[in-house]
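Below: a set of structures, written as structure tokens.
Each of the next two complexes has chain A plus one other chain: chain B in the first, chain C in the second.
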Partner chain A sequence: MSSSTVTEATSTSPPKSTASLRHRLAERGVDASLLMLVPALVFALALFVYPFSYGIGLTFQPSPAIQQAWGGGLFANYVAFFKDSFTFDSVWLTMRLALPVAIFNVLASIPVAFKLRQRFRGKKLLTTLVVLPITLGTVLTAQGLLIFAGRQGWLNRFLIQIGLVDQPIAFVNNYWGVVFSLVISGFPFAFLLISSYLSGIDPSIEAAARVMGANWHQRFRRVILPLLAPGLATTSILTFVLAFSVFPSARLVGDAMGSTRVMSLMAFRAFGEQNDYPMASTIAIMMGLVELVVIALVLVWRSSMYKGSTGGKG
Partner chain B sequence: MTSAAKTFESLELHDVGRSFGGRNALEDLNLTVRAGEFIALLGPSGCGKSTALNCIAGLLPLTHGQILIDHKRVDTVAAEKRGFGMVFQNYALFPHLTVEKNIAFGLQMRKVPKTEVKRRVAEAIALVKLEEHATKLPGQLSGGQQQRVAIARAVVVEPRLVLMDEPLSNLDAKLRLEMRTEIRRLHQSLGLTTLYVTHDQEEALSMADRLVVLREGRVQQVGTPQDLHNEPANWHVADFMGYRNLIDLFVTAVNGSTVTVEDKGFSLRGTAAQPVSVGERVRVAIRPEDLVVVSEVVPVRGGNTTKAFVSVVEYHGREFAVGVTTSEGRSLYVRSDQPPVVGSVIELTADPARVLVFRADLIDPSTLSVEEKELAEVRG
Partner chain C sequence: MATQTLSSGTPQAGSPGGPEMDVPPPPGKKRSGARVPGERSLAASPSTWFVWAGMAAFFIFLIGILVSVVVDSLGKPWFDTWLPENFATSWYSDAWNQFGMAHIIVVTLIVALTVIVVSVLVGVPAAYLLARRKFPLKRTITLLFLLPVLMPPITYGIPLATVMYNFGLGRTLTAVILVNLVPSIPFVIMTMTPFIEQINPTIEDAARMSGASMRRVFTKILMPLLIPGILAASILVLVRTVGMFELTFLVSGPSSDTLVVAIYRAMTAAGGGEARQLVSSMAVVYTLTMMVILVVALRFISPTQLVARVKESRED
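And now, the complex of A and B:
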């Protein structure tokens, strides 16, 4: 009898609230503080939602030249993207740059972040040196690379003078030039992110593993890595996106029409040289799609990892 | 789980010390621990007790001294090879592993066969009564349950030595009492040698076979709970052992162990706990329960009497904690069965045997090295 009344009480809706409408709305999070979202909303609408939708719309308005060359009616731009090997190859060329760079930046940051987590003399100086390149713009980095590592640069002259090589090595104006530039600008970023994830792991967890008999290799593989994995996933996504959208360095220190003909360059070419807005938009949208696929793959992998608290201040 | 597999005869700490950036966090810790003993390191925060524990665990290298187990040095052995178990203040459970896997970790590191791991983990889980929670993650457990996992994880490997770093300080009062009994029960049934760090003197007194009281990195006294409770070596230990009334006075007469002390008309008779001489400034320690209100049934004891003004009365269940102020402006703490009226004047007395007279300075000259003695003399 008593149990039936209890179920009845829970199944029927609770008695009507006597609080004012304003109070009830506030309970659901509707109050004046929502106004604080207005600037962000305006910006998002004006600078992202509208241009983005406009761009998508443009991709379905192919220019007559494209329609004639590739057919496909409304989808002519997309047909052109996939069938024109000059355009489509840029997906592979960009991937070939962005993936290794993102993986390298993340992997190289882990030991550095580990070392800089400890306390030692000169730690601040070292951290500053590691992070400093983030303040240099891409153009400055490219300029520096050209001067330092170009055919007549200090590096090549030094290598020739000490007799290591007889011909200058082509460090720039090719694939490697862009890789160096992306590492210089991406590594501090990856390092900062991983450091903050690492500082979120309570050091006593590692100490516990140590007292329990785990050597550094076991501690890293069985304790630190699983706890750091979500952070590694996020960091790789962000460094990948940064590297994938490479534009200035691909042009300045790369081989813009050859090995570093990245997607953003192709989009710029369609827009700036061919005045084909719709095609440029199509390439940009495809760029986003490729990034989304990679991000989705990383997130799927991440979802299989532990996601909860790591016990630290993080 | 029936018996500790690898045990030892004695663990010796010789002049163990650790300094951080020129500041000594721990100095000259000498201690011999026998197998199966439960030892508590007791002291206020920052006294070096956790430093001592981390040094023994191998998580901090020693700045000087040696740690020996059966006369073999272990301070040069890496933490992961010492074969100790440790319980951390914040539990330090692996948040991504289930309770079972947390407990199995140490056994897996020791390459114990799988079937045995399974059996021992099940035993350890039963020991701390967590059978229903075996497959949960630490984040799904309450504080007390997490603490149980941490303890099971430390004892499942049958370590030579269990180190506990304030394991109960993050629990609420009721749970703390329960876990205290639990740890004591585990210690008695497993016979594991345990070093237990705490700042709670009640916890230390109730659990440990022997206590080590530390202050500013130096050992103040080593002894059984009874020793420390009844015969504190100096006023600091007395302060820690519940002698809440510490009064600074001057010695006017010494007669055997009976000492008369006074200052500004306030006179007391007490017992010298350390050798003192006439004219010396001393610190007198009295427990609140030994300072009683004079009434028809409670006569003045040994001529010790003073009038005081009642300033605060706290209800403590069975009795009342009373704060009083003497006419010289001294604050004293008194235990009373009857609540005196706030603002009234009462007469207090204390048995001279329960009034302990200590030197005002803490450093015992007999423990100082020759150089330190000379330095002290120069300083006058």
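And now, the complex of A and C:
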């Protein structure tokens, strides 16, 4: 829509009225430079909005099998989603996994980001080491966890050797296996984002607070935290999304039919194994809805905090 | 535990490094003596040790995972001993031949590079507008760009994959590239917008007042300032694309599998999956590829100092 206004403003009108129309539009912020937005908009519409609306439409075209089993006509997919406890339980199973992991990752990366902010020898090496697991990817992490923390793995072997446990502990193929894999891949991501945001805060603001006699607790609570809040909100959201959409590790190091039967596994089962595209879309879209609720809560919290420049402009 | 960790980070909030970073220390003052009154010592605090202990545990897990995969990929029978009985590299050549690794790596690189180039070219101008300007429908458009990053990939991936199959693009390289662009463009916009906001707008205003056109402002003024941000965003997009499993998995086929998807398929193949060591050696190849890229990239930029560099460069 904005693109059509732009072309109108720049090219089609006769010269005399162009000046005034262009002027009036420019005053409201519409001018030729908005064209820079067009490519991104085209991609968003073609690859996101269209498939997504198509998917929503698909959810109202339930397959005959679903309709027969659950009834409900057009809404048979939704009826099936809420009534079939095998499907519906996965909502709870996903939240139970994603929320604690996301909160842990964000809270743990704040102090680490603070530690690594100052200058010390080997800082770059340590930063690289912390960020490195991002490159491992979920599949390698899963493979490594299976070998390292499996029944025969070094971790159990070590724990038995020092006499801490008698029997190998089941670290993998259950809830905790997925938690470990999500922390290993999610924590570096949270750390990277938070330390970027932290370095965007002008140090002289904090220095000013120190000069005025604020102790570290006051400085953190009254200066750093409000300035960090927008970044913190973004980081929490992205970390949560990462944990919420867990899929390969839930299958590989989790208990795919039990405690880690997450929503994305259910959606993929419907898509890839049962070829029931309408049901798959239904689960996928319900997944999006559940997640949006959590995100909305984070955004509400964020809007109650300070908004504006973080002072990086100096 | 959470609050304890939280507070532990703060004692050094502006500790020794702080004063030197923004205000040059007075001449003759030694580094070690530069502590501001009321500042706590870094090492003495027990909560500091708590943070280091947590990081140590993290690194033990990390190194354990890495080393055990490497050992596994090199080991000939390894069951219930500390180390395998023999070492050999035959798993690598087996995996290389059996899975057509060369093809898979080429596909992965093509997908990643195309996605980076397209998403930077499309995303940065949009991020600039969102950071600097006010225009009608701005909130709606921002939300539209945010949604793909906020939603779980599966949520839009399944409808998107259905559409791709309807258009006959299923299992092609084009489809893999297209689905990966969906989260990447918004990701570039999202990381670049705060970055551009940090750049002092008066620099551009000055250039514009001196008669520079929009294009000149972009190429001569903004580009040099934006390079660190673009590099950081590209690295993150690269890492996300190469590591992106869900979306690629939904649309890729045998000839367009990226490395992660190929490994996953090998792990879950019917009949209990391939031999563990084959998968391990593929995983090692994957990690090495990624690490080389990342280490090379980190040599040129430090992701945590992106914004600080902009600040320093305009110190007057």
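The rule is simple: the second predicted complex is superposed on the first by the 265 of 314 C-alpha atoms of A that agree within 3 Å, B and C clash if a C-alpha of one lies under 4 Å from a C-alpha of the other, contacts with A are read in each partner's own complex, and residues count from 1 in each chain.
Definition applied: contacts are C-beta pairs under 8 Å (C-beta built on N, C-alpha and C of every residue); 3 or more make two chains touch, one makes a residue touch a chain.
Computed from a predicted model, the values in this text were never measured in an experiment.
A.B. asks: Which holds for A:Leu37: it touches chain B only (first), chain C only (second), both, or neither?
C.D. replies: The answer is second: A:Leu37 touches chain C but not chain B.
A.B. asks: Quick one: is A:Pro226 in contact with chain B, with chain C, with both, or with neither? Answer first, second, both or neither.
C.D. replies: Only chain B; A:Pro226 stays clear of chain C.
A.B. asks: Is A:Gly288 contacted by the first partner chain B, the second partner chain C, both or neither?
C.D. replies: A:Gly288: touches chain C, not chain B.
A.B. asks: Who contacts more of chain A, chain B or chain C?
C.D. replies: Of chain B and chain C, the partner in contact with more residues of chain A is C.
A.B. asks: Scan A:Lys124 for contacts with chain B and chain C and give back first, second, both or neither.
C.D. replies: second
A.B. asks: Between chain B and chain C, whom does A:Pro168 touch in the aligned arrangement: first, second, both, or neither?
C.D. replies: In the superposed model, A:Pro168 contacts neither chain B nor chain C.
A.B. asks: On the A-aligned overlay, A:Asn215 touches which partner chain: chain B = first, chain C = second, or both, or neither?
C.D. replies: In the superposition, A:Asn215 contacts both chain B and chain C.
A.B. asks: Between chain B (first) and chain C (second), which, if any, makes contact with A:Asp202: first, second, both or neither?
C.D. replies: The answer is both, since A:Asp202 touches chain B and chain C.
A.B. asks: Intersection of chain A residues contacting chain B with those contacting chain C?
C.D. replies: In the superposed arrangement, which is not itself an observed complex, chain A uses residues 202, 204, 207, 210, 213, 215, 309-310 for both chain B and chain C.
A.B. asks: Under the definition above, what is the set of chain A residues touching chain C in their complex?
C.D. replies: 1-2, 28-30, 33-34, 36-37, 39-41, 43-44, 47-52, 54-56, 58, 103-104, 107-108, 110-120, 124, 127-149, 152-155, 157, 180, 183-184, 187, 192, 195-200, 202-204, 206-207, 210, 213, 215-217, 219-220, 224, 230-231, 234, 237-238, 241, 244-245, 247-248, 251-252, 263-264, 267-268, 271-272, 277, 280-281, 284-285, 287-288, 291-292, 295, 309-310, 312-314
A.B. asks: Which stretch or stretches of chain B touch chain A in the complex?
C.D. replies: 57-59, 79-86, 88-90, 92-96, 105-106, 109-110, 137, 139, 153, 157, 163
A.B. asks: Quick check on the complex: what are the chain C residues that touch chain A?
C.D. replies: Touching chain A from chain C are residues 2, 5-23, 36, 38-40, 42, 48, 51-52, 54-55, 58-59, 61-62, 64-69, 72, 79-80, 82, 121-123, 125-126, 128-129, 133-138, 141, 144-145, 147-163, 178-179, 181-182, 185-186, 189-190, 194, 197-200, 214, 232, 236, 239, 242-243, 245-246, 250, 260, 263-264, 267-268, 276, 279-280, 283, 286-287, 290-291, 293-295, 298, 302-308, 310-311, 314-315.
A.B. asks: Quick one: in the complex, what on chain A touches chain B?
C.D. replies: Of all residues in chain A, those touching chain B are 202, 204-205, 207-215, 218, 222-223, 226-227, 305-306, 308-311.
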